[in-house]
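Chain IDs A, B, C and D follow the sequence of writing; residue 1 opens each chain.
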Amino acid sequence: MGSVDQVPVVLVGATGYTGVEALRLLHAHPGVRLAGLCADRRAGQPLADHLPAWTDIPLPPVERFDADAVAASGAIAMLAVPHGTAQTTTAELLARGVRVIDLSADHRFDDPAVYAAVYAPHQHPESLKHTVYGLPELHRASIREARLVGVPGCYPTAVTLAALPAVRAGLLAEGEAVLADCKSGVTGAGRSPGPGNIFGETSEGFRAYKTLAHRHAPEMARNLGGRTVHFVPHLVPMNRGILATVYLRLAPGVDAARVRDAYATAYADEPFVSVLPDGAHPDTRNVRGTNRCHVGLFVADRLLCVQSAIDNLGKGAAGQAVQCLNLMAGRPETEGLTQAALFP
Amino acid sequence: MGSVDQVPVVLVGATGYTGVEALRLLHAHPGVRLAGLCADRRAGQPLADHLPAWTDIPLPPVERFDADAVAASGAIAMLAVPHGTAQTTTAELLARGVRVIDLSADHRFDDPAVYAAVYAPHQHPESLKHTVYGLPELHRASIREARLVGVPGCYPTAVTLAALPAVRAGLLAEGEAVLADCKSGVTGAGRSPGPGNIFGETSEGFRAYKTLAHRHAPEMARNLGGRTVHFVPHLVPMNRGILATVYLRLAPGVDAARVRDAYATAYADEPFVSVLPDGAHPDTRNVRGTNRCHVGLFVADRLLCVQSAIDNLGKGAAGQAVQCLNLMAGRPETEGLTQAALFP
Amino acid sequence: MGSVDQVPVVLVGATGYTGVEALRLLHAHPGVRLAGLCADRRAGQPLADHLPAWTDIPLPPVERFDADAVAASGAIAMLAVPHGTAQTTTAELLARGVRVIDLSADHRFDDPAVYAAVYAPHQHPESLKHTVYGLPELHRASIREARLVGVPGCYPTAVTLAALPAVRAGLLAEGEAVLADCKSGVTGAGRSPGPGNIFGETSEGFRAYKTLAHRHAPEMARNLGGRTVHFVPHLVPMNRGILATVYLRLAPGVDAARVRDAYATAYADEPFVSVLPDGAHPDTRNVRGTNRCHVGLFVADRLLCVQSAIDNLGKGAAGQAVQCLNLMAGRPETEGLTQAALFP
Amino acid sequence: MGSVDQVPVVLVGATGYTGVEALRLLHAHPGVRLAGLCADRRAGQPLADHLPAWTDIPLPPVERFDADAVAASGAIAMLAVPHGTAQTTTAELLARGVRVIDLSADHRFDDPAVYAAVYAPHQHPESLKHTVYGLPELHRASIREARLVGVPGCYPTAVTLAALPAVRAGLLAEGEAVLADCKSGVTGAGRSPGPGNIFGETSEGFRAYKTLAHRHAPEMARNLGGRTVHFVPHLVPMNRGILATVYLRLAPGVDAARVRDAYATAYADEPFVSVLPDGAHPDTRNVRGTNRCHVGLFVADRLLCVQSAIDNLGKGAAGQAVQCLNLMAGRPETEGLTQAALFP
């Protein structure tokens, strides 16, 4: 029932939390026509069979992925499949001229050597020549023209938005590392059942994991001009949200006013990033279900503590993918992303 | 920035959970222009000061309620103020020809004696001559023409949608009571801090309250043709959602097939009520943030167990109010209410 | 470090939630000496490797189960292994003269035909001749002498304690079924990760499961003198606790005072069952981590609504097992079970 | 029913979460006789009226506080009353020769000027001459002899136990600040209902509060030899637990092995502090309901990340108070505190 000027989009992968959130956003997007829905393991079944929230909501049939069919549809492809898998899918689509937005980790680096060091040797390194890192606040112009967008990781999104204005404005002491103490809801651990996401071992408790050894740190470091990033993620007993508490050492003479000015300037025209007033603390509940990022600034002596809150499935994944889609398709950047948080 | 054919709406009360949810829905509604936002205690302050989720989202200024101003705006008024207060506000608006959708309990009965018996003497009984009970599945045609709509209680909505088809189709044994064992999220207890909604005494525990003594029972009984309703509400450690587990005694000879047929027929054309397939259990998470109601049917011997799931702030309050608004304004009934649940 | 007069106990199975709770209670029990700890898959590893809560707490080594070794130790065996497995383990132990407390479903019925109908054919039906149903409020004297105790299911414990005094005192209408609407925390679904217990699909939502088709119903019916029991279990987003809301039709002429009198009498000498005062609602949080059961009574017309709250891992499993152990070993019945709930 | 050699203890304040936890621990303590229970607002009422978890558990009557009566009882007094109030209560008791364990903030500093700077002018500065800071890992010998013990704050306990071995062993770079990113369950916000602890605004979200401006920072700094402490507390949607993630800059040449050695040595004889093996992450759920502290060590380059997990109501308050009580009374230090965590 799309109108003529809607953008056709095929969603590949609709069983994980990220894929379902992408579906939710695409379905509600007034400028998008959902041209196809692929999920190999669920092909031929009504989506509502395993996702009853979609009962009686009209959707295209769930089909097996077929690169030729996607190409024939003229659609942009949005991939919400596991990393590794996304490499092959992407290569097949690029070869057929389809533009791709990949939510996995597979196309976040353009250097195959870096990818290999962080993950594993890339099966289609030639794709990386085309990839653009899908953080509009960094690469808006390139995303508009991109054949392939690698949507950033959830943690790197939160940390980069928290730290980048200070880095760019030259507020930080020379050679000091960025310290990112981050906290994520349980959906960050994915939908496959395991000890890391069962209720009895995630609710009513709090812990860190992969301390100083998580694969998102190199992505953050790259985004922040090569600074060392010490990254410690924690697991919060809630479904959605990331709060990044980022500690930065200020250069001599930099005071709170100058910090605030740098952030206000950096984000003055950003539709999804809000710098909160003095003393206000970002809270993940205030961005839940949205593509927004709230930033809070705190200075004491020469320490700058920046806090940023996003929805890990929103601005940290599917929301950001839709923002990139809007740019690639020449739509208003905020289209389909203007809703307020579900509260509470 | 509304277009010419949008419906102007003034929202009165935007600090409680119901009001904020109404604001969220109205703000996202493509056919509505938010013509005013009234909250006496917060007048003159940016809404984001106490609701930071609304930071940088354009809204009308928060003003004190002024019935003349509302009348001058030509808007429909949606009231999310406490019961008692709503009586006066409504009377002032009706007197000026403003159509009113009241989310409080004040206009759910058209008989002042009944209202007085359940709540307290009504201050403006003359308003009750105009009120229509805002359950579209019951009173769609009257709602279209109504000057005043009393939006149903959250529990009565869930229980009525669960039981009404069986009552209407004559499936139930004579003289048997309806037994409604209901479970609600904590937002049902409102936003004013108290022992009933603090984290330490609502999370990690489960209890009933007001057993067989809750004021929603008479509303249910009225909706179900005067049958006795035994109603026991429980408090679930979650934010949103009601599950009603309703037990009904079937008349001799009524079997599962006939039950299913009655429900399928009753809800065939209802855009927001889905009868789930055999064996499927409604889950509040599948309707969270929506105006939908999922219904499950289970029969054993002569017992019919119907389960219905709604969002208490959605179909149980603000979503239903918007559905009524659509009807009153001659808009498509589902406009602004087509989104899928936030999952998870 | 046990003293001479402590009871030696071997715990078989210490990886599931029930087994860990049994370990917690036995470890803290002043009258018990933990003589052995068996867990085949974890044998040879320190328990703290997979249960870090036990770091630096002295325990016997984890060993493979060996019936001869248990017999040689002179201990009572407490089994927290899956049903099915428990049949063989029990038979081996009984053959060696070891007294057994089985937490699984395998020895809750003394009739092999009933067991087969509810579960599957029993592999050691001869064991059933010796089994005593481990609900002290029903079978205290027999438990003292038992060679084998089958610890009741969690739901049957809650429902039986709620309904039995009314049944026994003849308060109920003839031929009327018992209706048990029950709500359990997520640990009731066990510790093996699956869609039924992952955080994203159990938190922030509420649903029933196995409506009118759960295997605990026949156990309840047997306990309640053969009355029909309609049983609907629900899943609460919390770790521990069961609230049973039980609906009973009173015989003509039975009023609230007579009901209260019957319950007060039935439980006057029961150390773990408390009948709450008029109007008070049992709450699972008030019995968390304990062997207690709180009972609330509500009467309207001829309907009796009894609510009982237990900890599904406490009075619903491991606590009850320890209560039986105390009886079998001639210890004070409340020994090791006197603590108050963890609040909150 | 206490035996002759039990220590008599009077608990003053039993309505807040800390007081109730103290009651739970004292009640279960085999070496303590609860000689009195004072709560002015609840005097004369059964405790179970507002704390139904205590239904049918024998306790002394709740009385108004009377310093003479406490003195006459020969008991040690444990105070769980608000700070400010505790100053007067303590002074009255000290004047009568009663030994006092104060859970409030009132006697954590021995310098009135420091107390005044952090809180407000002290009403009884003469008491501070007698106070001993109740962290046994720091002041065990003095606590044994103390007339007055000021139980440490929950955050300072977690941070001090995490950082002190590194400070004492001289592992840290000169002049570098300690950075303490801490996360606490909601009971840390107390039991008085308010926006900071209602379910709808604490569950399903995560935020910091009082960033770099919390009153516990000076207490930490004092404990750590006057080092600057940058302290950022966060609120976790769970009831109990603190995880402190503490970042420390190592002196040149200090490697992971030397760090581990220092911590192993420092805590070798500490009954309640466990240093977890390499790679293991402390989790608050593993210490819930206990007096234990789990410590994890992570080193990368010259950054040391120490994580410590405690129960804020246990080792962070009431558990620590009982540990001090044991020392003051000449009891085994671990008596009444040996239980394992409630899991889950």
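Here is the rule we go by: contacts are C-beta pairs under 8 Å (C-beta built on N, C-alpha and C of every residue); 3 or more make two chains touch, one makes a residue touch a chain.
Everything numeric in this text was worked out from a predicted model, so none of it was measured.
Annotation: the A-D interface is duplicated by B-C among the options A-B, B-C or A-C, judged by over half of the residue-numbered contact pairs being identical.
By number of C-beta pairs in contact, C-D leads when C-D and B-D are compared. Chain B and chain C, compared by their mean Cα positions, are separated by 40 Å.
Distance between chain C and chain D, defined via averaged C-alpha coordinates, is recorded as 35 Å. Between chain B and chain D, the centres computed from C-alpha atoms are 46 Å apart. Among the residues of chain A, those touching two or more other chains are numbered 17, 187, 200, 203-204, 237-240, 283, 285-286, 288, 344.
By the touch criterion given at the top, residues 17, 186-187, 191, 193-195, 197-200, 202-204, 237-239 of chain C touch chain A in their complex.
Every residue of chain C that touches chain B in the complex is listed here, in rising order: 177, 179, 181, 183, 185, 200-201, 203-209, 211-213, 228, 230, 232, 234, 236-241, 243, 245, 247, 281-286, 288, 296, 298, 300-301, 303, 305, 307, 309, 344. Against chain C, in their complex, chain D makes its touches with residues 17, 20-21, 23-24, 27-28, 30, 51-57, 187, 204, 239-240, 274, 276, 280, 283, 285-289, 292, 294, 338-344.
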